[in-house]
Structure formats: structure tokens, C-alpha cells
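The chains carry the letters A, B, C and D, assigned in the order they are written, with residues numbered from 1 in each.
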Amino acid sequence: MSTERKYTGGMWVYGQIIDRYATDGYNEPRATLDIVKDAKESGLSGIDINYPWPEKDLTPKEFKSTLDAAGLDAVCITPSIYSRKYRSGSFSSSDAQVRKAANDLADESVDVANQMGAKYVKFWPGQDGYDYPFQVDYTELRKHGLGGIRSVAQNHPKTQFAIEYKLKEPRTRLLWSTANASLINIAEVGVDNLGLVIDFGHSLFAKENPAEVLSLIHGQGRLVDIELCDNYREWDDDLTAGSIHLVETLEFLYTVKKIGWESALKLDLFPYRESPVSAVKESVTTLRKLEACVDRLDFAALNAAQSKHDAMAVQGIIRDALIK
Amino acid sequence: MSTERKYTGGMWVYGQIIDRYATDGYNEPRATLDIVKDAKESGLSGIDINYPWPEKDLTPKEFKSTLDAAGLDAVCITPSIYSRKYRSGSFSSSDAQVRKAANDLADESVDVANQMGAKYVKFWPGQDGYDYPFQVDYTELRKHGLGGIRSVAQNHPKTQFAIEYKLKEPRTRLLWSTANASLINIAEVGVDNLGLVIDFGHSLFAKENPAEVLSLIHGQGRLVDIELCDNYREWDDDLTAGSIHLVETLEFLYTVKKIGWESALKLDLFPYRESPVSAVKESVTTLRKLEACVDRLDFAALNAAQSKHDAMAVQGIIRDALIK
Amino acid sequence: MSTERKYTGGMWVYGQIIDRYATDGYNEPRATLDIVKDAKESGLSGIDINYPWPEKDLTPKEFKSTLDAAGLDAVCITPSIYSRKYRSGSFSSSDAQVRKAANDLADESVDVANQMGAKYVKFWPGQDGYDYPFQVDYTELRKHGLGGIRSVAQNHPKTQFAIEYKLKEPRTRLLWSTANASLINIAEVGVDNLGLVIDFGHSLFAKENPAEVLSLIHGQGRLVDIELCDNYREWDDDLTAGSIHLVETLEFLYTVKKIGWESALKLDLFPYRESPVSAVKESVTTLRKLEACVDRLDFAALNAAQSKHDAMAVQGIIRDALIK
Amino acid sequence: MSTERKYTGGMWVYGQIIDRYATDGYNEPRATLDIVKDAKESGLSGIDINYPWPEKDLTPKEFKSTLDAAGLDAVCITPSIYSRKYRSGSFSSSDAQVRKAANDLADESVDVANQMGAKYVKFWPGQDGYDYPFQVDYTELRKHGLGGIRSVAQNHPKTQFAIEYKLKEPRTRLLWSTANASLINIAEVGVDNLGLVIDFGHSLFAKENPAEVLSLIHGQGRLVDIELCDNYREWDDDLTAGSIHLVETLEFLYTVKKIGWESALKLDLFPYRESPVSAVKESVTTLRKLEACVDRLDFAALNAAQSKHDAMAVQGIIRDALIK
């Protein structure tokens, strides 16, 4: 890259963070505009915005001014189609009123995205799916779950939409589970303005090789954004980027370069017990070092080894670029 | 069994249930004494009590009276050594003040248990462990994590204590992770009044066969209580008992009978999207049907097949007892 | 169904079975025509035939006569594109000569299938993929891996081809890994005479719900055959059908009925330590009992509960049909 | 370390390697004495010897001479208690004759170890366990499985024995499954001359943190040998060391240094599609670079961060030592 990579992050990184055990939260609640300061302090260039935010009197315009003043972008608007109202599904709910509410919230989110200059509206359908065998009719689930999104995308043809897929959590089975399942879904939705956000951690615990599916999604023309974090391959732990799977993170960043992706990369962390600013800074420092490794890689030698599927030759090349 | 099995449940089954996404909770908050009514309505005979409960003016005595009036037992007191204060560990915290707080809360819990006639004090050390490679010195972690529990147990020699082990969550690595790890820990703690609560679901996702480790824990004289639920072997989904792994639940109940365990069995469910009363009733109905299957099993034929490790013969016996 | 379901099986079920530890094999080698007798004795109606078979002087015609005499069908021909020659890939090999060999073997298999009246030619590309991060260029891997199969399918437009997908083994990463990945691949191959064989066990350890993807594959018009077995969700253990995941096997058979699939179901077992005939008979007995449960299910009540995503109501219906 | 670390390897690394699909083997069979040459060429200092080896006329004495001439050690003798005869268990078999055969083979192995100067006799009880729920009586399984090893160990009090534990494969459930299960088993066996071989890959896919259990096993005085390789946390892929989990391999080597283990480290690889000599050399080169990283680590700074469980501070220290 001619210029230095930018990094962005989710607002949730700096939030209170609650789970089912520490129901008093891992931190004190944090005001939205304070989160802007945190993001700035962390060195980020933009934030992924959960909508609605808790402060009812904070207008999109005012929020945008604060971002502008801090030099931060509104990366995307992420409607909270996973809160209590949507606990049994948003677009795929069995309840027509809930489906309508999801649709309305999506419409509002488009409006907010336009007001704030966000690049896309992101759906994270973490409640859309089921939990038990036999619980749903799969054809029906798809009809509503995909149809609702089709309808929103068709009603806002100038807006870019993206799905962030995930194997599970909070539901045990999700409709947008893997990269390939999401591409099949997108083909069924059948609109041009719907793509995917790939999250390195989601991909890892969906048993994918993140670099491989990044290449696939990009090749199909559906890549909208890229998120980074790490985990132990079994759950969405949202640990700092590069903290566990260094080699696969490196291959992921190599693929980012190979496909010519020059946009900012987003961090999706849940620093339950760490300072969020530190967690972001640690992640960015590691990622920048890994991007420098990628820049040092002898692409010609690597391609030659890859054309023979020569794993041993490849390892020497990687090791020389990566390990001190 | 000469008399019908009793079932108990955790208070949390009937609670609001929050997670990191639906931070407004899956349900409205539920008052402690209303939970007693729910448990009664579900047909339970007792409850596992998280301490402290939210109502500051509710005394143990008053709580106990309400339980007595409903004909319910106080199964155990479970101090909340997993809330914000203990987010980086309770007994194993690196902070001496937090370790002291855990100790004090344990002392209080013993007192409450005595007032309420609870059979044991249960520790669920879900924040005791670590998240990242290199984060802790393992010897030091064990010294504090086991030493703190030893101290409590020695100070209350007439109280029965139990650990509910779990592979992970909320931390990615826990000190009391599996049945065998817990037995090794207990040997190191070195007191007689400390045992284990086995949770079928925790065991399943720790890659154990629950029936096998139930037999092991009982054989070592450390079985204090038994919990039931189900999941997809990768996470503590806390689904209704018998909803997924019917054969392994049957083998678990067969082992319960084989070791002569006549106490109540406890339900550990998180019915995020279902009525808690229904989830408990469904679980109990399934479990009672499975216990009837166990009673129908030809133990002599089964033992004969097992003595030859004859999996095919065993399957016929199980199928005949289980499937309509 | 008006008539009783037929069951078929893979020839390998009755074979010697070797692995990397018991390199002397779990059994004595078994002659191909003896396997026909075994399959007959097991009550099967047809076999999946690995090609080439070990006896060089056994002609397809002679083999077919033996099958006819036993009243068995040749279900499909499965070319051994996973033996030593193809250890680093068949159609996706980096070696043009190996790719040519795979193509030739496929041509031969079509010829044998025609001679023996087999319904389809099955590819199980277990060596097509990679093992290490950075080992291959994914675009190149797809180009060869999908292109080779396209070429075969186009050269034999009257032959039905099918891929049996699998997450991994023997390679750690496979090109035809999941149902959705395979549907994406098929779309890229772009021919009409290529479909999928879904294996319940492969689906389970690919973290899919087998019933859900069966419905999906059928809905996309790509279902060619169905295989059954069981495992612990983490590996292709090839245990007897219904031995572990009874509820999910029941839902799978319910879906088989729902989509109107009246063809035979195939068994894919590796009875390392059991008599193959017993393993098949045990599986079929269990499956027939489960099919009878499906027939007893109150479809109207089930659909009503499913239309509300009512997991608790569904469980009662399933329990009543399934458990004695 | 004052002197350079030595590396050893399993004989199987250089063998034919067969699995259930490529039954013609991934390579040509390799003669035992040729494997000695391969090991020498790879730069190893010793080999782990499967017994019996295929050449019936090769005496231990002659084998030993060849090793001596090559300057290689006989690390240990590993009796093949996992071949066809023991397919349903060795010491834990339900068949008294098989148990006797395992005992006899163990006796022979002690004799061969003495003749060849091997440091220990290693049991890898990969067939000792079960496959299905209800298949065995667990108490009985333990009685035979542990009793047989106790008997061997007591009969050869001057010989060091070690168990290499593994979660599964070839059986789906093993008696010596995890580090903690093995320590519990060893306590029940009750002899002093029985310890453990920890394999980094086995530990990883048993859901352990290898560094943590290495520390535990050493702390209990039961560490006999250490093996290295890598995998994807779900199966014993036996990939080259450091190829996937670099950070956890580094923490493992850090722990090796911390406990003062100066013995050779052993490689346990299955290079199905790679040159074994290359796979070993690549592994050793990576491991030596990682050991140099460990030597560069600021132990005082690391300990200070660990004493506060400060994951973010730790990551900076590790990154500086590891990444170029």
C-alpha cells in the first residue's frame, strides 16, 4: 500500500459489556460520545455504530458532528435486531409484527446512515435461526429471513447492505452461518446491493480458513468489510487480533493485500477484563507488524511454491518473514 | 427406586437472563419470591440459590419461610463469585483484596446456608482462570485458586462444599475445567468436605462421556450433586434435558441408578426464548420417561453384553427399552 | 411410503479396514464377491462400488451377474481418487499428469457404471484440498478442482455425477467441505448432471444440522443420494446409524419423508471392531423403528407448532412418538 | 541452556503411512535400517522405536549397532499394543488371552529396551477404551486397563514406563485421554516408575493448554518425555511443529525452559504428502528459532506482568521477542 492502513472498530468494544453471569456488567456503562473519545485515543479512524444508541436525545447530526470533530468516520450503522424484542428472530420471526418492526428499524437505519455518511448498513442476524431439532420448518424460515432482507434492499436501492455471518450465538443455529451459506442466501435474495462482512474470528470458529473464504467472497464480488479478532476456534471469544492464531492472521492479511483491499480494517473485540483502548492498541500494533511481514514476503517465491502445493517450501518463506 | 425421583432447579432458570447482545434482557427481571412460585408451579422440590439475591431487605429467614410454605428445599447456596468484582478471578485473583472479598462472601454463604438449611455451598469459579497464552503463571494461579478454597473449607469443617466444574465461559480457560482436573485439584486442596457437582452439559462439552465421569467421581467419593441439561457438545447451551443427546442422557440416568443415587436431580437451564416453567416441565417429563426406560432395562443382559464389550448386543437392548 | 424402505451400503463396510495404527488391518482382506454375499446377508438391496476393485480379472459383467443373482443393485461407482497416486489431490492436483489420471479414471468409471447399470458415478474428493496455511493459491485450486469435474460431466452428459462432501480427512482442509460450499462449487461448475450425496455423519461434524441441509440441497434440485451413520460431531467416526444422535436422525428421516424421497438410503459405516453384518443390521433395525416413529408423527400438530417456532410444544410431540 | 537442544523423532515419521482411504500407503514401505539413515540425515539425535519392527531377522543388538554407528539414541521402545490383535483393547481387553498377550509384549519390550539402552518403555493405549455409550462397564474397564499396567510396572521396578495420552483415535473414547485423567489413572495404578509423555498436539486437541498441563505434569513429578507437532485443535493431524499454533508453541517452549527440561524434544509427525526429512528439518528449524525467542524473553518483565494477570502487557513482551 502506498499509504498506511487505517483501522476502525465497533462501538461495543468500549461499552459496558454484560454477559449472563456478570449481569452487573464488566464495566460501568459508557456514554456514546465518550466512546468517540476512546476510539480517537485508540488511534482508530472510524466506528461501527449500533443503532439505536442509548441516549434518546442524541441526534444523528450531533453524533456526526462529534465524529467529524474527532476526525472519525461513521463506518456503518448496525441496527440492534438482536435485542429483547427480536429474541426469537428479526426478519425470520414467526410473528408478523416483529418482522414489521425489523423492517422499520432497517428503514430508520438507512436514514441514519444517510445522515451520518455511513458507508453501509450492517445486519447481524444473531437471533435469526433456531435452537432445537424440529423447531422450525426450514423452508419457511428462509422465506421470511431472506425475504425480509430482500424487501429492505429493494426499497433502498442506493444503499449498500451487508450481513455479518456467524455460526452461532446467541442462538445455537443461525441462518447466516458460514461464508458459503451466506453466499447461497445472497443468491436467493437476488439483489445487487447486499454483500458480506467477514469477521476473522467468526470464520475461524465456523471451521473455515479465513484467508480462503476471504478470497472466495471477494471473487464473488460480495465483500463489503473485514473484521479482525481472535479466538480458540470454538467460540467467538473476541480476543485481541493476532494473540492466538498468528500464522492464519498473517495469511489473512496477505490475502487482503493480494485482493488489493485498501480500505480500513475493523476490530471486533470484547475486552471483558482489559482496558478497551489497550486492547485496540495491542491489536493494531500486532497487525501493523504483520502487515510489514506481508510486505517483506517474496511473492514470486511464494507463488512458485504454492503452484507446486509445496507446504515445506512455503513454511520456510513464511518463517523467514515472520519470526525474528 | 422405591419412591419417585425428585427434581430441583437453579433460580437462574426463572430469571431475566441477559447476554452480551440482548443487554435489555430476554425477559423482565423477576423477583426472588416470585421465582419460588415459578419453581413450585414447575413441580420442583427445591432450588439452587444465587447469593446475594437482588432484594436487600429479604432476609434468609423470610426467604426460608416462603420456601417452607411452598414445600421447597434450599438445595444449596451459590455465592456470586462471578460478578463484576470478580471478573478477573475470585479466589485466584491477582488482587489480594478481591481474594479477601471472595473469602468473606464464602463465609457469609455458609451462614446463609446454615440459616436456610441448605445441603451445601456451591462454588462455580467461572472467572477463575485466564484468557490468553502466557497471561498467568500456572503454579501461582493454582496456589491462590486452590488455597483460597482450602482455607474456606478448613474454616467451616462441618459444611459441605462443592465445585461445579466447566471447561470455559465466561473465561476461555478455567481452573476447574473437567472432572479429572477437578479431582486432581481436590487432591491438592486436601480436605474432606469438598466435592463436585457434575453438570451433564458441562461434561458433554468438556468432551467427556458424562456417564463415565459420573461413575468416576462417585467412585472417588466426591459426588455432591447432579445437574441436567443439553447442548451441542461445543458450548454450555443449557437446552432442555434430553432434547438432543437422548442416548447419552439415558446412559447417565442408568449410571445414576447403578451408583444408587436417590437424591433429587437438578436442572440447569437457560430458557432464553421459552417459558421457564415449560422448559422445566418438558425436561422433567422427558427425564421421567427415560428413568422408566432405565427401570425396564434388563440389567443382567446388559451386564453380560458389557462384559464382552459387545456394542452391537448392547444397542439392541437399549433400543428395545427406549424406542417405541 | 406405500412400500418398505430399501437400504443399501458401501462395499467398504465389509472390507478389511486399515488405519494408520492397525496397519495390519482390522480384519482379513475380503474378496469382492464375498462382499456381495455379506451385503445380501445383511438385508441390503444394493451396494456402492469402489473402483477399481482389487481382483484384476473380475470383469464388470461378471460382477454384475453376481449382483443380479443376489438380487442387489449397483448403486453407484466410486472411483478411488483418494489412493496413493492422488495423495496430493486428484482433479485439483498441481501435477497435470495426476489430473489427467483422475480424468481417465472418471471416464473408465462411467463406462463401468454403464455396464453395471449403476445410477450414478460418485466422486469423493478426500485428497482435494490442502493441509497448511499458505500452501495453495485458492483461486488456482478451485480452477483445477472444479474445472476437472466440469470437463468430465460435460463429456458424459447422460451420466449423473455426484460429490460426497466432507469437512476434512484425510486432508485437513477439503475443497468440497460442506453442503453450502458444495452448492457454491456446483454453481461454478455450471452443469446439470452434477449433484450431491449427503452423508448424515459428514453433515453432523461439519457443524451442520443434517435435516436442514438435506432440505436445502433437495430444494436446489441437487440431491442424488443419502447416506447414514453416526459420530460424536467432531470426526467421521462412521458408527452405526442412530447409535448416538437419535433425535437428529429422527428429524433427518422426517425430512426424507417430507421431501418425498422414496429411494433407498445408504449406510456408510466403518465397523472397525464389530461384525459388519451386525453393524448393518443394527443400523437398519434402528432406522426402521425411527421411520415408524416418523409415520406416527402428527404432522398437522407438528407444523402448527413449527409455524410458531414453539420448541417446547414440538418436544412433546417428538417425545410421544419416539420414547416408549 | 548451555548446550544446544537435541531433537529426536518417532520411527513412524519415516514409515510408509497408511490410512483407511489410501490403503496402498502414502509411500513405499521403508526398511527399519533405512529409517535410521533418514533420521540421521534429518539431524535427529535419537528415535522412538515401534516394537516389533517388521524385519523378523533384525536383532535388537544389530539394530543398536546401526544406531550407534549413526550416533543415534534409542529413545524408547513402543510396543505395538494397537495392532489388529489389540483392536478391541490391550490391557483393558475383555479377552483374558489378549490381556496376557499385551503383558507378554510389554515384558519383551522391557528386554529389548534393556538391550538397546532405551530410556523408557512407552505405552500408547490407542485401542484401550470404547466407542459407544453403554458399551462397557467403566469400573471394569479401569480395573483391567490400569491393573495390567500396574502389574507390568511392578514386575520391572527398574524400568521407567510412560503413557502417551490422547483424547481419541483410533477409538472414539480412550482410557488415557487427557493429562488430568492420566494423572488420576497413575494415582490409581500406584507405582513410582510410571509417568507421562506429553504430546503438544494431543494436548491441543484435548482442549488443554499444552503449556499449562506441561507445568502440571512436571509439578507432579510424572514427566518422562515431550513430543511436538501441530494440528487444528480437533484431531491429531501431526503437522509440522509451529506451523499453525506459533504462540502456544512458544509458550510451551518457554515452559520447557522454565521447568529446566534439558533433554531432547521428540517430533511426532505424519508427513502424509511431504518428504519426512524435510518435515523434520522444517520443524526443527522453527523450534530452534522459537527457542531463541524464549532466550530473548525478558523473564523479569514477563513475570511482573503475569503476577498481575496483565494480558495486554504480556502481549507486547511476546510480540517484541517473536515477530520480526
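Note that in this section contacts are C-beta pairs under 8 Å (C-beta built on N, C-alpha and C of every residue); 3 or more make two chains touch, one makes a residue touch a chain.
Here the structure is a predicted model, which means the values were calculated and not measured.
A.B. asks: Using C-alpha centroids, which chain lies at the maximum separation from chain B?
C.D. replies: When every chain centre is compared against chain B, the largest gap points to C.
A.B. asks: Please report how many Å separate the Cα centroid of chain C from that of chain D, as a whole number.
C.D. replies: 35
A.B. asks: Taking the mean of the C-alpha atoms as each chain's centre, how many Å separate chain A from chain D?
C.D. replies: 40
A.B. asks: When you check chain D against every other chain, which residues touch at least two of them?
C.D. replies: 88, 131-133, 232, 234, 240, 243-244, 247-248, 273, 311, 315
A.B. asks: So what shape is it, when you link every pair of chains that touch: line, ring, star, complete or other?
C.D. replies: Complete.
A.B. asks: Quick one: in the complex, what on chain A touches chain C?
C.D. replies: Per the touch definition, chain A meets chain C at residues 88-89, 93-94, 130-140, 167, 173, 178, 180-181, 183-184, 187, 206-207, 209, 211-212, 215-216, 219, 247-248, 250-251, 254, 302-303, 306-311, 314-315, 317-318.
A.B. asks: Touching residues of chain C toward chain B in the complex: what are they?
C.D. replies: 232-234, 240, 242-248, 273-275, 278-279, 282, 285-286, 289-290, 292-293, 296, 311-312, 315-316, 319, 321-324
A.B. asks: Along chain B, where are the residues that touch chain A in the complex?
C.D. replies: Touching chain A from chain B are residues 16-27, 82-84, 87-88, 126-127, 131-133, 168-170, 172, 231-232, 234-235, 237, 239-240, 243-244, 270, 272-273.
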